[in-house]
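Note that subunit A is present in both complexes that follow, paired respectively with subunit B and with subunit C.
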Partner chain A sequence: MVENRPFLTFLTHLVLIAGVVIVVFPVYLAFIASTHGPGQFVSGLVPLLPGPHLVENYSTIWNEGLSSSGAPPIWVMMMNSLLMAVAIAVGKIAISLLSAYAIVYFKFPFRLLAFWIIFITLMLPVEVRIIPTFAVVANLGMLNSYQGLILPLIASATATFLFRQFFLTIPDELMEAARVDGAGPMKFFRDILLPLSRTNIAALFVILFIFGWVQYMWPLLVTSDSRYYTIVMGIKRLAASADSEPLWHLVMAAVILAMLPPVLVVIFMQRLFVKGLVETEK
Partner chain B sequence: MATISLIDLMKSYGDIPAVKGVNLDVADGELIVLVGPSGCGKSTLLRMVAGLETVTSGSIEIGGRNVVKAEPAERDIAMVFQNYALYPHMTVRGNLEYGLKNRGTPREEINRRVREAADILEIGALLDRKPRQLSGGQRQRVAMGRAIVREPAAFLFDEPLSNLDAKLRVQMRVEIRKLQRRLKTTSLYVTHDQLEAMTLADRLVVMNSGLVEQIGTPTEVYDRPATLFVAGFIGSPPMNLIPVSSLSGNEVSAGLPSGTDIVGIRPDAFVLEQPAEPSLALEASVELLEPIGGESHLHVRLNSSGQSIVLSVPGRPEIAEVSDIVVHARLADLHPFSAQTGRRADNP
Partner chain C sequence: MQTKRTIFPSKLLPYILLAPQLAVTLIFFIWPALQAVKSSFEREDPFGFRTTFIWFDNYRRIFADPNYLSSLGRTAIFAISVTLLSMAISLLLAVAVNRLLRSGKVYTTLLVWPYAVAPVVVGILWWFIFNPSIGLAPYILRGLGISWNHRIDGNQAMILIIIAAAWKQISYNFLFFVAGLQSVPQSLNEAAAIDGAGPFKRFWTIIFPLISPTTFFLLIININYAMFDTFGIVDATTSGGPAQATNILVYKVYTDGVLNLNIGSSAAQSVILMLIVIALTIVQFRFVERRVQY
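Coming up: the complex of A and B.
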């Protein structure tokens, strides 16, 4: 595959650049839109260069939001989303680490059954079980609360499965050596399994954070009080103001802000993330 | 330092027996090598002593204490694994210290022991490296170090050298022997390499399909194999086992113990000229001559029965392949066996 032909090099770069442009262009447009005044975008002619209203638009949407759409200021929604995404990611990782540990390292009755039950829930994503879940959450009085937003999304078959697969690749002798060295089950978990899973945890955190951040349907269902709105569902509300044209410049500013945290998480955890996907420290 | 006793030790996996009743007394400071073909239960036996495998029946005593129900950590043993099982995320120092820390050994004591072990094994310069930054031989040393720092009652080795190349294996074998002599720690050592077994062992335990075939010093086992299995297993090339019936023309049966129907003759017990002592002579045709340095292996087929046997003769004899020769062996060098019992016929 490593061929040194200028034409091929040119071609591959062309394809890559075209790909990047296709992906980046809408984002660029959103950014441009967020820097112009209210009238610009509905006039039909879409500007391609930044306008003069950047600071003004962002501070409006950040601090005040759009009163007409009944959504709170963006910073409230961002905080809600952040809390939800982090809690979901941390919760999912904690629970699935522990359940994978139990399934792989302990012999207990119905161990295989337990594994298969967890595995089967993989086939039932939130959307499928959303009505019963909603009923349960409502009956528990968790509508319009952070628990209601977070708890139902924490159980995770995928992460359990991933950790199980990873634990299975760790040689048994490591556990045996630890036993001979006087490490009990919790010590083994803390001193050996956790550090070895570090990169996997980081990779999973990125994925799960984004999963939590982009939740749309569930927050829409369980929150009616605007104090608990999350950013992704909030944007939809901003755009859907009933009686007037949407204020696209402000909506776009909200969109850009909503994109930031996942991007930051990816950038800061990229090193660990890539490591977790391509190599295991063994 | 301690003695180890195995009493009627058995292990079955479900219905399948892996170890079928082993009795063994290991003296304080002794190095016992368990040797046998693959699947004969050596590892299972060792892992039972370590406490990593439950015991089906029988008992294990370390230092006079029955440890069958004890956790591995409570048995005061240290184990060296075939794949070393170093903790990949800890430095060499971390690996050495881990067991001591878990036991609540004071810091100064830990430092002293790590320093000592590092000196003995010459891994002082590697203490801050991670296992993946080490060569196979260095990892092996660290694995040994992890056992030494614990200053346990017994070392358990499960084929610790089988992942090394041949040259390093010989070198480490010598080092393990020296180290064990110096520390005088009771040791059980599993290998399927009989050269390793012969050179390391104070006493050898030859196992076959879950049973002990023979226990003895390497010389005893080599000079007087107790069973047909041991005769065929120990020694390279293996002992030739020839049915008495195909010794036609030789007046040997009178000199052999009653019940003998197979005689074992080591390849190097054969000579090409008739010796002065009483001997037997066999007519054979040469099939292949393999020079292997100082000696040669001569593959011949007996004229009487068509059986192929191997001789090892010094130097490079001038013998054409496909020629007929007569080979001799002193009667004193014959090992009499009974095919029926599979055991030596001249055992008291």
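Coming up: the complex of A and C.
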């Protein structure tokens, strides 16, 4: 701070508190709604203070789900989401580490072509190639399967670039020393490169876990069997049924549960999260 | 392209290392994209038995379709509003946090987590707040003499998705603005203060111009976000309605292709979206090149 201006400092806190209120309020309202009974949502105004049905609502939605929506219990969908998010994050990191290693530490014909093919994926989000991608997955018989949910999403240009940038900063002497000592390429990769990349891998994992968890359109397309529903897509079905019956308390409990895992990851791994976010976008 | 001074001599190994990434890319990205381009030039008969090559007919039809043109306009309004609203709020918050020393960290933690909330969940949260029968916002607006029903009023539906989409993006913009502000040398700020410039003058004449690379970068990222990552928000709040009022391009591709099975038209729309992403990506990467020299 350059100078002492008490009024400006007061204003600063005021702005930030207003900002926090804007950011937190929608979730607060959802949480409050999830602690009430169904009678509160028939008419009039939504409740603004906590009610007595917290445990009851959450255990209902966790164990039984919403029978009228055709979606399975929340715990099934949470497990599917967890599996999908972790598999996408691990898969993206694994194949990107390998391809970045190939591009940086080897010279071979078509190296530039391979680099450009990977780069192009940046320009082809699922949204612009919905139907043909669906057709490919259907032809491979991967509809309603975990492979179908995961595999098409694990190509990653950003992760490859991040590791490429990082490998370029590693001193050449390390590799030369390893070669003098008789280490082959895979031994160098496993015993030197991987341990050095630990922080980058962790930061990237946080970002990619969130990426996997919040996927919506893709699970919506490839799963029709409710056993494979993820929480983020299943929740839309719950919400749609809340429009006809007053089940807001259960829907909002599901909403809170759906956002909890990735939000906790951001809050508790904030440093890695910020590092991952800022570096992948460079 | 850069490599190491010494490299491993292996001939086959690099191809094996690249194989998984390239396989996934070719099967699930490049091939479907080529298919989309191909079917954008074709018409399929209603039973799917025969396809005829029809050159640019699908494109011609799209650009003659008032629904598509209005969707294009609405997407522009949506993207620009989301970008400006979200960036303005985030910049204000970032400047505020940057003034503080210790408490800034607490505020940062409280502000960044919406990044991790799925767009469709964001949509449901705001849909609940603006629910015409029990929502809090319509209740307050009724007190002010405004009747809110985004199921009937197209403009209100648009406002709803703009607010929801901007809310989600605050945390992202905030983090990048904070990073940008921290890279501004403190000495410049102090020198200006010694010369008698007040905080507001210092912000507009020194800090704001110096963070312009961040601002420009965020501009591109936000437009990209508003155009492509908001599918879940639209699907959860308005489903493109009422009367196409919030049917933005990415949602229209989905409804035309997946729900109405109009493959040719949907493919042509996909190709147009692809061109938009390619343009945005090129702008973004050219800018990054320049930022290095900045």
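Structure notes:
As a working rule, the second predicted complex is superposed on the first by the 256 of 282 C-alpha atoms of A that agree within 3 Å, B and C clash if a C-alpha of one lies under 4 Å from a C-alpha of the other, contacts with A are read in each partner's own complex, and residues count from 1 in each chain.
In this text, a residue touches a chain if its C-beta (ideal position, glycine included) is under 8 Å from a C-beta of that chain, and two chains touch if they have at least 3 such contacts.
Fair warning: this is a prediction, and the values are worked out from it, not measured in the lab.
Aligning the two structures on subunit A places subunit B and subunit C side by side, free of any clash. In the superposition on chain A, A:Leu196 contacts subunit B only, with no contact to subunit C. Measuring from the middle, so to speak, at the Cα centre of subunit A, the directions to subunit B and subunit C differ by 90 degrees in steps of 10. In the superposed pair of complexes, A:Arg179 makes contact with subunit B and with subunit C alike. Touch criterion met: A:Thr121 reaches subunit C, while subunit B stays clear of it. Considering which of subunit B and subunit C touches more of subunit A, the answer is C.
In the superposition on chain A, A:Lys187 makes contact with subunit B only, not with subunit C. Put simply, subunit B and subunit C get as close as 6 Å, counting only Cα atoms, in the superposed view. Once the two complexes are overlaid on chain A, the subunit A residues touched by subunit B in the first and by subunit C in the second are 176, 179, 281-282. For subunit A in complex with subunit B, the touching residues are 171, 173-174, 176-183, 187, 191-192, 195-196, 198, 281-282. Interface residues of subunit A, counted against subunit C in their complex, comprise 1-3, 5, 8-9, 12-13, 15-16, 19-20, 22-24, 26-27, 29-30, 33, 41, 43-46, 48, 94-96, 98-99, 101-108, 111-112, 114-115, 117-118, 120-125, 127-137, 151-152, 154-156, 160, 168, 172, 175-176, 179, 185-186, 188, 210, 213-217, 221, 232-233, 235-236, 239, 248, 251-252, 255, 258-259, 262-263, 265-267, 270, 273-274, 277-278, 281-282.
By the touch criterion given at the top, residues 1-8, 10-11, 13-15, 17-18, 20-22, 24-33, 35-36, 39, 89, 92-93, 96-97, 99-101, 103, 107-121, 124-129, 133-136, 139, 167, 170-172, 175-176, 179, 189-190, 193, 199, 202, 217, 221, 228, 231-232, 235-236, 250, 253-254, 257-258, 263, 266-267, 270-271, 273-274, 277-278, 281, 288 of subunit C touch subunit A in their complex. Against subunit A, the residues of subunit B that register as touching in their complex are 50-52, 71-73, 77-79, 81-83, 85-89, 98-99, 102-103, 132, 146, 150.
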